[in-house]
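Please go over the structures that come below.
The following pair of complexes shares a single chain, chain A, combined with chain B in the former and chain C in the latter.
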Partner chain A sequence: MIYLELVVQGIVQGSIYALIALGLTLVYGLLRILHVAHAALFTLGGYIGVLVTNSTGNFPLAMLTAMIVVGFVGIAVYKLAYEPLLEKPPYIALIASIALFIASEEIFRILFGPYGLSYTNPPLQLSFELLPDFYLKQGELLVIVGSIIMLTVLALVSGKTRMGVSWRATVTDPKMAQAFGINIQHVRYWNFFVGSALAAAAGVLVALLNNLVEPTMGSVTSYKALAIIVLGGLGSIRGTLIASLAIGIIESFGTIYIGHLMNRDAIAFAFLIVVLMFRPQGLLGAK
Partner chain B sequence: MAYEITLITTMAISVLFALSLNFITGFCGQISLGHAAFMGVGAYTSAMLMKAGIPLILTLPVAAALAGLLGLLVGIASLRVKHDFLAITTMGVVFLFVGIVRQQEFLGGEIGISGIKSSPLGREGFMLFCILLAAIFAAYSLMVKRSWMGFVFDSIADNEDVSRVLGIDVPRYKLIAFVIGTSVAGVAGGLYVQQFRFIGPDSFGFVESVSVLAMVIVGGIGSVWGVIIAAAILSVLPLWFQFIDDYKILVYSALLFIMMRFAPDGLAGLTNRLIKSLRKKV
Partner chain C sequence: MNIKKNMIATFLGIGLLTSPSFADNVRIGFHAPLTGFAASDGKSAQNGALLAVEQINAAGGIKGDILELVIYDDQASPKESVPIAQRLVEKDKVVATISGSYSGATRAAAGIFQESGVPYISAYAIHPDITRAGDHVFRTSFVGEVQGRAGAKLIGEALGLKRVVVITLQNDFGKSLAAGFKEKAKEFGIEIVAEYEYSIKDRQFGPIVSKVRSDKPDAIYASGYFFTAGPLVSQLRAAGIDAPVIGQEGYDSQKFIDIAGPASEGVIITTSLDRDSKVPETMNFIAAFEKMSGQKSDMVAASAHTAVHVLANALRTSGDGTSLRDAIAATDLTASTGHISFNALGEVGKAVQVQIVRDGNWHHHSVIDDAEFLAAPTE
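Right, the complex of A and B next:
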């Protein structure tokens, strides 16, 4: 039974990683930037979710608001921070992104206090019996189902619509895509909007599971999300999804069996380093 | 005077630490987001030995050796990955270091190691000692930069494949850069222990790794003088900002962002451009 429980916990955690890491992969695939500040958008999503739920009592509305607002903030980040740095060596954008992330943590702390916020009436906290003696919280179920729905929609959009085709064309060869009349700028805006909205959704869900948002909630997650997209083979969406679930499950088993040797975060990174030694291009990366 | 001495000692240690990363990232072009881990290895080594009654100066070679050994291992592992993959692998190293140290009782776990005796050299003597070590390594860096090895590093940083075609043993020089850079970081770690007389797992985390990389980049990647100045300024900048207490990290990160956004080639690049435009006018 404990195995099943660990697997399910791993899947819950992995779904959240997937939502966060997907935005990072989208940005990396398009711009070759390691977008650390993505985690700031995740945190912002969590804050908006809690604030809106507490003032209106409407959780779905909070989720929607968080996704839309954060989506636009994502576009603003691209305009202000990354667009002018695209021609520079990649570490410049990386450091700029880290600086932006640290600054945002400070802003959250100064605005809302160092101890964070909680839901006054946390929604979806009831547990139900999935199997005999095996309980799952409603919130955890929402995380899994919600991620599956959002990722399916994304897969359909990128596979079946004009917008999706132009997005994939831009990722493969920006110059060629431009020559075929695709507006690259629009593609980039959409890219940041969708990626950031997914991160916001993850933020709201994490806030729900922990019933807490705090200024530093994004830090470890963001670095781990970077590890995940590298593990998946930078820019590969399928690789990212597999890596997210793998890291989620390995962490939940690892904390039980080798937790006395290293903590949760170290387990994730140890796994990353070991995999990279055998597959330097990541799980599904192109050589 | 006591305050100034503390300030200058901190500066000297930071300069040494930043120059050690400059050796790897600046000279050889290998980006590292986990350099604090090597300082941490040196610091924990020195701290454990000093607790056993061995004087700092004798612990430094051991600290350098252990940090360098880990650097060699990470270097060998890093030979397999490039660019962004390398950045994230080195980031993994620092999380691994912190994550492992936290769980080890004999290293003080979460609480860290405290109660280290103050330096027998006295505060001023220790300050001079730190400055001396930083100066020696700065001189060595300048020397390497003008040597054959410096040119090899340059060509690797510029284009690895071309260097390989020219018959340069790329892996060997990368490893040399890693071992020298990381063992000097280990020495800086030993000095850090003596200066603060307390270390914990959080003293050598990812934020510290990014800060030191920021020093190198703000200084102008590869420029020894630029890195010295940037490390000296950035290491005490948060202290100067004490008067805006609550906002000091915000201001620090905002400055870093503005620097990257408007002067990505750092202080060295900024000065060069200034000199050029002055020359044009004359």
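Right, the complex of A and C next:
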């Protein structure tokens, strides 16, 4: 039973990775920018989630507020930081992104204090026995179910709607898409809005599981999400989802059975290195 | 050199405003992580130190001179603390320095102070090698192994629990605690049923929690800081594990109770600060700190406060042929974290305070005061 529990814990962690890494993949697919500052939006989501929950007592409202506000902040990041640099080589935007991320940690510290924030009455903390001797916390169940719902909606939108079609057209060939009358600017705004909102949702969920948001909460996420999109094959959405779950589950088992040799980040990166030795293009990347 | 804050904080007691204008300031250095992941501990430590300086100056300073703290942010990183140490020695010309930082930063800076002959006191960094830098380096808190031993005695003897899971933070803090714990575990009949390690960046302990539940231990000895221990304890309790959790001074913050919430009730730790103390020095510190900072007192604040008082006391008794280093070595002082004296290596000898969370606050549980058992290394 312990193996099943570890798999489920891995899926919980993997779902969170997926929500975060997806935004990164979306941005990379569209603009070829490695959006490191994405992790700052994840942290911001966590802060908004805790602040709104604590002041209103309404967790769903907090989740919604965090996603919308952070979605717009994501658009602002694109508009202010990346758009002016689009003509420059991609590493310039990467440097800007790293700078933004480092600055954000200190901004969070100045705005919200160095001590971090917690839910005063953390919601969804009860555990229930799903199978004999197999427990799951409500919050953990929400992480899994919530991720599935959000990702399904995203898949439907990109597959079935006009918006989705223009998004995919822009990713494939921006110039051609523009020639067909697609407003590329709108596509980019939506892209940042959706990616950032998903990161915010992940931030709120992580805050729920840990009952702690702190200025440096995004530091691991920033490079772990990069590793995940590389593992998945840069720009591949399906690859990102598979890589997220794989890393989550490997970390889960690794923490227990080889945790005294390597910490969980080292385990994740060792896995990445091994995979890249055999598939340099990533799990689902095109050669 | 990246120094984000270079504050020179001078606190004038009202009476001193009339003191002669030729009075010199006595400058002491202080470095702590004021930004970065450890900023909350750094801030508390800084407040504890500033409070001590304020109290000392209000009581007449050092032989009539004003005590002045030269503060730097080291981000808990040796990369920062080394240039800071050089600057304090060469440019600021401090008479001594206090570290309000973690082991990595403190250990790296210790060598520089030792070479320059400037006394250096580690307020709460626990790595054993810090004081081994030389005879000018002192520590006013417990070395990690000593506190680990105290944890084994507490669990095996006082609480009488025998099947223990050890959860260790993968850094010098966690490792040295675990080493001390394991060294004495057998002596108290403790069987370590499993041991897990986690990194300082971890906040999600799902896999470890699942495994601990299947281990069914009598007690859990978990090292960590409040920002790792808070999530850990809350996740253990949410998973229905009710075995007692025993921690150490890293938990010692009101913030731990905020994070873990009701799950923190009954958690027991070994630390340096007794909230229910009847010792005037400790009672005064707790009241004055809460008034000054608006925060509940914690171990790092008390430790920095103690270190400044130890230094001020030595500054008063030095001179007339006694060097400051010798005056510190001869310390025999009751401060906010207990009665302080040093052994030949500069390690403190004092009692271990055991605290328990009750009704959302830290409270007195017991005291481990066995000088022989707690003896710090002497070389």
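FYI, the second predicted complex is superposed on the first by the 287 of 287 C-alpha atoms of A that agree within 3 Å, B and C clash if a C-alpha of one lies under 4 Å from a C-alpha of the other, contacts with A are read in each partner's own complex, and residues count from 1 in each chain.
The criterion applied here is as follows: a contact is a pair of C-beta atoms (placed from the backbone, for glycine too) under 8 Å apart; a residue touches a chain by one contact, two chains touch by 3 or more.
All of these numbers come straight from a predicted model, not from anything done at the bench.
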| item | value |
| --- | --- |
| Partner chain in contact with A:Leu234 - chain B first, chain C second, else both or neither | first |
| First (chain B), second (chain C), both or neither touched by A:Arg168 | neither |
| Contacts of A:His260 with chain B and chain C, given as first, second, both or neither | both |
| Touched partner set for A:Leu272, first chain B, second chain C, both or neither | first |
| Partner chain in contact with A:Glu106 - chain B first, chain C second, else both or neither | both |
| Partner chain(s) touched by A:Lys79 [first = chain B, second = chain C, both, neither] | neither |
| Chain B versus chain C as contact partner of A:Lys88, first or second or both or neither | first |
| Shared chain A contacts, counted only where both chain B and chain C touch the same residue | 106, 259-260, 263-265 |
| In the complex, chain A residues that touch chain B | 28, 32, 34, 81, 84-85, 88-96, 98-100, 102-103, 106-107, 110, 223, 226-227, 230, 234, 259-270, 272-273, 276-277, 280-282 |
| Parts of chain B lying in touch with chain A, wherever the complex brings them together | 31, 77, 80-85, 87-89, 91-93, 95-96, 98-100, 102-103, 206-207, 210, 213-214, 217, 246-247, 249-250, 252-254, 256-257, 260-261, 264 |
| Residues of chain A touching chain C in the complex | 1-2, 5-6, 9-10, 12-13, 105-106, 109, 114-116, 118, 121-122, 125-127, 133, 135, 137, 140, 206, 209-212, 214-217, 219-220, 251-253, 255-256, 259-260, 263-265 |
| Touching residues (chain side chain C, partner chain A) in the complex | 34-37, 39-40, 42-43, 170, 195-199, 201-204, 206-208, 210-211, 213-214, 227, 230-231, 234-235, 238-240, 255, 258-261 |
